[in-house]
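Lettered A, B, C and D in written order, each chain numbered from 1.
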Amino acid sequence: MHTSQLIAEVLRVLAAGLLLISFAMLSGRRTQQLITLFAWQGVMLFLSTCLVAYSSGLTEMYYSAALTLLLKVIALPWILNRLIKRLGAQWDSEQLVNVPTTMLAGLVLVIFAFGLAQPISSMATTITRHTLGIALAVILLAFLMMITRRKAVTQVIGFLAMENGLFLAATSATYGMPMVIELGIALDLLVGVFILGIFFFQIREQFDSLDLHNLESLKED
Amino acid sequence: MRAVSFIRQFVEVALAIAIAPLFTGWIAQCRAWLQNRSAPPLLLPYRMLRKLFFKDVALAADASALFRATPYVLFGTMVLAAAIIPSLVTDLPLARVADSIALVGLFATARVFLSLAAMDIGTAFGTLGARREMMVGFLAEPALLMVLFNAFLLYGSTSLPSLVDGYRTHPSVIDPSVIFAAVAFVMVALAENARIPIDNPSTHLELTMIHEAMLLEYSARHLALVEWASSLKLFNYACIGFALFLPWGIATQGADGAGALLVAIAALIGKLVIAGAALALIESLSAKLRIFRAPEYLAMAFLLAVLGLLVHFLLGA
Amino acid sequence: MEILIILGLPLLGAALLALFGARRFAAELNAGMSLATLIAASLLVVRVIRYGPMLFGREQFFVDPFNVFLVALTAFVGFTTALFSRPYMRIEEAHGRLNPRRLRLYHSMYQLFMFAMLLALLTNNMGLLWVAMEAATLSTVLLVSLYRTRASLEAAWKYFILCGVGIAQALFGTILLYFAAEKTLGREGMTALLWTHLNAVKGQLEPRVLGLAFVFLLVGYGTKVGLAPLHNWLPDAHAEGPTPVSAVLSGLLLNVALYAVIRCKVLVEGSIGHLLPGRMLMTFGLLSAVLGAFFIWRQRDIKRLFGYSSIEHMGIITFAFGLGGPVANFAALLHMTVHSLTKSAIFFTAGHASQTAGTQQMDGIRGLVGISPPIGWGLMLGSLAILGMPPFGVFASEFLILTTAMREHPWTTPFLLIALGVAFAGIFSRVQPMVFGESDSPPLPHSPALLPVFVHLAMVLTLGVYMPAALAEWYRAAARLIG
Amino acid sequence: MLLSANHWISGLAETLAVNDLHSVLLLVAAWMVLGFAGFLRPHSIRFVARFLFPAGAVLCLGVALLAGLFLASGHAPQLVVLPLGLPDLPFHIRLDVLSAFFLLLLGVAGAGISTFAAGYFRSGEGTAPALLGLEYHFFLASMAMVILADDAYLFMVAWETMALSSYFLVTSHHRIPEIRRAGFLYMIMAHVGAVCILLCFGVLQGGSWQFTFDAMRGAHFTPFWATTAFLLALLGFGAKAGLVPMHVWLPEAHPAAPSPVSAMMSGLMLKTAIYGMLRISFDLLSVRFWQWGVLLLALGLFSALFGAIFAAVQTDMKRLLAYSSIENVGLIFTGIGLSILFETSNMHLFAALAMTAALVHSLNHALFKSLLFLTTGSVLHATKQRSLGKLGGLIRRMPWVASLALIGTLSIAGLPPLNGFVSEWLLLQSFLFTPQLPHAFLNMLIPLGAAALALTVALSAYVMVKFYGVIFLGQPREPSLVNAHDANWLERLGLIWLAAGCVLIGALPQLAIMAAAPVTGKLVGDTVRSSSTFWSIAPIAQEQASYSGLILLAGILSVVAITFVCVRVVAHGRIRRTAAWDCGYPWQTSRMQDTAEGFGQPIRHMFGTFFRMERSLPSASDTAPRYRVYIEDRLWRAIYLPIARGVQKLADGIGFLQGGRLSIYLLYSFLTLLGLLVFVL
């Protein structure tokens, strides 16, 4: 009733914030800044998950909220920060392919995502249904970001942002996946980041830079 | 098949063998007259053969068996051909053995053997002649086949006796295609028998000759047989021409008795006399072609024959 | 019970090898664990033959005709590859391209990879399937970059990013699936993600959502299948990783990914009808086959060459599944089997060939029959088999696929004809000079033990002229299952 | 008399042939066993060649005997189903008259070839003896299985096994790059052709899993699909038979192989393609259209002329024979085309005549082409020379081979009274009846066809005179030729067997016609009347056309004998051996003889449009003047190079798709995703 409507409003605001942050990442220049934005996305996710848990009264949602807090707000940003400090990569900015066009593309994507999600979310029973479109938009934006970035680290951040979008979808559309799956996903994510860490160092020692244009030797010529 | 028909068969073959050189002699005489030279005696070819038969053979050192066998094969094929062609009678037992296509095949066999023999010694002129002979052959043979095909379309058979019978029984209409066929046939006959304008039987200018070039290494009885065979060949062609285009006088099926045979012989001789004169005339009037022009000449003959076929379809039944 | 053993053994192996992977006996241990897994798998197979399909562990795991033969195949190829890798990796170590630490990593990751794939095959839970696929990716990433050369790092990086992104799409698809399913199945006990349950109610699932889900799942798992144009990681990873890894990637991972796609296809078809998913698969298949063939034409590196040939064949299989119907599905399953057997065998011989020649560049490999007849003939026969020359089994499946295509979608046959012809020309023109002709290097004193190669080829040959009734029965049942 | 003989044979067949098919299968299996037996002593040429190959020859004889008896006995088709193959599609094997005829062909020619091969293979040549034996006998067995197969799968398996084994045989001297190239070209064409045949079966199948030929016979097709199937079959089998323009591999592969293998490929393997064509267009397809006949006729005649012309300008003896194979295949296809024409306009007797011509010519070609290829093998071993420019005069060094080659030469040149003439005679006869076709337009055209046929036949005589004359006659063009040795006894035996076949069919063509009669009866529903007398044939009617090889032969021989005797009686036999006269020209050398190029000159002159020619003429100031001419097939540049270039271009073109940039790859995935989403939206 009243409270639920309020919660729905807040959730929508949070989702909008998430989307906003994705745009910010899309236009963000410095790695450090991107990591911070990623952490903020985590925060948004954490809050929205809590709200969903409260409104739906599902206890396991609290767990996944906690998981989010641990993983996406604290652990991953911390790891990434340590990484880029160790690699001395925190300040290297990169030239995006022409920010305005990227933004325009992002805008189109958002509209597309909403159009796609509209019929589906209309049939959802949860109070959070309208966020599905936003989740899809976040995913696509993250994808776009990965395409436009040239640094290994930033690509990884885009990858993680995509995970965020997925998580939002999971919570918003369907009050979260079963716990086992959540855990599995989280584990995979963690391992993935560790492997990435290993990679960064290997790449670093081989190419002494994280620029991806070093990684363009394997091709059909 | 009765004994009498075998007798006639024998008579025909014997006659062919006998008068073939005479025909050659006659042509030579006509040519001499037309070119107002003093003519050689009519029986010169016989004397020639006799002389050759009693000479010693001078055989190239490494001539192979093929070389020595060839004259006999030539003579054999030509005699057999003479046995198949209805020059006097159509009721020939041997005519069932080979129809006109097989006849063309027989001529081809003779040609191939002669060419191989010419290549056997490995002299420059021999191989040259062999090549030219085969070249003339592979253009003349299809033309001849087309002529026969034409005749088949008219009378529905490839065996010459039935052709003659068919012609005699049919009301003798002149199908327009026959004219084309006849011209083509004459051209082929000239080419195949080494006459002007393709070849000159009486030349020995090596670079231009075809037939003679192949015989260079032959001597004595071998040469005699080859010469005899070639005059038989000429005779055979003449008889094919008669059977196809002017079969009057030939004793047909059922027309038995010595009378018909005598008539046939008389008719044959008459036709030969005329044909010989005509041939001599043609040879005297036309000049020999360069060897490179020969394909065009033969292609012309070939086209005429095919044209005859088409004409038959366009105008004829 | 078998399930626990089958899944436990590789896990145990991974743990043990993580400890002892650097010892002398590590390779034997690796092979031993694989053998044990194979035995367990065959026990399971026997049991399935006897009692038919079954569910385990609170329905989280299940065995049906579709996955049981893939389990057997995976265990078998895993074992033979372990056998092959024993001498091969020794030689690599002797050549100084690897050190014991890397070997430890290799061995434990190998077992982990086997575990992930068996899990993906055996689980009944679409979410778990996703987790397993991701795990398979993560475990192979480090294997691809085992040599730590620039090229191998680059390949591994691309592999990781592309497949990671892809798999993320797959996750979104899974979520959508769950989203659609929970309305009919409810949230209790995770039944909403169990394939068997979904399969039971697929008729009632929301078509729109499933259509959307299928797109994401197809793009996600399709990336791992190597469907063009999502295939770009595949040739690099195959060329730069160690040969045993290339063998299992081509022989097993692609199959498992395709298996995931097909599982999803079954559900989606049930909800939105045959047309849409079938057409999508056919289009992807044709595109991959043709593109793969033309890429084959331009290769110089032997392992890259056969990597592209894997793309081509995966395309053909996908196309066949897209055709649908008993014959085409049968052919596709058969093709999956023979392709993984043949392709792994080829990679074994290719590995030895490039080891003896000291290069992976095909211009550097000449006259193998002269150098070592087993390698030469192995490569020649393997290539002929993969090119669809009878009496090898690949021909059997291509025969069925082509004839069915001609009957049902004649317009596709020109593309198939082009793909097969170009691929044939491309591969054969490369293999012939490698096998035949003069070689400047002297004959090997003793040729390497190529038992796995010839065992594989013998099996493929047998499948071409005679198929055991039980196997045929599985194929048929699986084909029915897929519809 | 003939009929009584026929009765006697059929009676024998009744008693002997309980079930021919089982025995045939046993023999085929025995071939495979022989193939593997070689590995008992892998490196002993004496064991493999001198023991296994003759055994294989005996098996060939057995196959021929059984097939012949089956044809004579007029049994109903026999069927066997082996528990092999695909689960729902076990191997179906069927022996009917068509298969029997081609088995007969296979056995008869195969026996000769295997006997020759036993003497031919030397140690230390090409692949190891055991491997050679394996490939050789599998080649034989697979050809037999192609002929016996009764379902699409077994057919394709046997077909490709045939291609594979022959490929390995062709490349047995794989260290020579040209041979590898030839093998590659052969393999490509074979594979593409096979895929076409496969697709043809895909059209023909009676339903899902209905791949047995019986199911196909039952199925019905719209004209469009029937024509599609026919065209696919034509592509596939034409590629194997070397029909222009799918012929390019043939003149490369046949010469590259060891001579017995060339003989098998030209003599036998091409015939399996003919068999396939007949099987599909007359047996499996229930409907035919006259346009097919016209197509086959046109292609066949063109191939025949093309082959003859190219054979005439070759300077390599085996390439020459390969092109002549193209010519003969063209003639056979001409016969099939005519037969379809007649059959579709309900003139079954003439259809039977045309098909008889095609079948008999297949048999003849198997005999004389194998014979000639084998003789080239002996020449090759004796002289190590394949180029006509380096041979000559061998009739004095190798009389056996020369005299047997002469028989082959005369037969292939289509000269009476040998067998080549018979089939060409039949073909011409069937051409003679085309005017009775109901299509006025065709009536105009087909005489041109007949003309082309006549030209081809005559041209083949030219070719063969060149072949025989340059190799065996004249003076040796290389000093090394003087110590050329004749074939050994096994080789002679094989050659004699084949030559005897040529003479026999030439003298008694009705034997071959009798063998073909049941086939035509089954395929076009009528049979050629073999005439009342046993010594002559009159396929349509006595007064229309008749031919008797026997009497012709006897006649020629007797007249020759009589003449000889007369000449000896009348004259004398004195002979004086001297130097060749040659118009008294003194210094003759062997270089003055006409060369192979010289023989090609008139053809190059007349048919210049067919070739791409590159000539290097000596200039007046050349110290070592030399005349070179290089002939190339226009079709190669017109069709095949463009295809190859196109594929290359495309392959180069798509390279950019994989430029190595990860972002681009991601973009691909992204766009794919969006595209599909739009698609489902």
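Here are a few things to note about the model shown:
Going forward, contacts are C-beta pairs under 8 Å (C-beta built on N, C-alpha and C of every residue); 3 or more make two chains touch, one makes a residue touch a chain.
Remember, it's a predicted structure, so these values are computed and weren't measured experimentally.
The chain with its Cα centre farthest from the Cα centre of subunit D is A.
By the count of C-beta pairs in contact, the leading chain pair is B-D.
Averaged Cα coordinates give subunit A a centre that lies 31 Å from the centre of subunit C. Put simply, the C-alpha centre of subunit B and that of subunit C have 79 angstrom between them. Rounded to a whole number, the gap between the C-alpha centres of subunit B and subunit D is 35 angstrom. Look at where the CA atoms of subunit C average out and do the same for subunit D: the two points lie 44 Å apart. Contact of a single residue of subunit C with at least two other chains is seen at positions 157-158, 161, 165, 212, 295, 298.
For subunit A, residues that reach two or more other chains under the stated contact definition are 116, 143, 146, 155, 215-218, 220.
Residue positions of subunit D touching 2 or more other chains, listed in rising order: 654-655, 657-658, 662, 666, 673, 677. Those chain pairs judged to touch are A-C, A-D, B-D, C-D. Across the complex, subunit B meets subunit D through its residues 53-54, 56-62, 64, 66, 69, 72-73, 75-77, 79-80, 83, 94, 96-99, 101-102, 105-106, 108-109, 111-112, 115-116, 119-128, 130-131, 134-135, 137-139, 141-142, 145-146, 149, 152-153, 156-159, 162, 204, 206, 216-217, 221, 225, 292, 295, 302, 305-306, 309-310, 313-314. Within the complex formed with subunit D, the subunit C residues making contact are 157-158, 161-162, 165-166, 169, 211-212, 214-216, 218-219, 223, 229-230, 232-233, 235, 276, 280, 291, 294-295, 297-298, 325-327, 369, 384, 387, 389-391, 395-396, 399-400, 402-407, 413, 417, 420-422, 424-425, 428-429, 432-433, 436-438, 464-467, 469, 472, 475-476.
Those residues of subunit A whose C-beta lies close enough to touch subunit D in the complex are 112, 115-116, 143-144, 146-150, 155, 212-213, 215-221.
Contacts from subunit D toward subunit A in the complex involve residues 654-663, 666-667, 670, 673-674, 677, 681.
Interface of subunit D with subunit C (complex): residues 83-88, 152-153, 156-157, 160-161, 164, 171, 174-175, 177, 180, 183-184, 187-188, 191-192, 195-196, 198-199, 201-203, 205, 208-209, 211, 647-648, 650-652, 654-655, 657-658, 662, 665-666, 668-669, 672-673, 676-677, 679-680.
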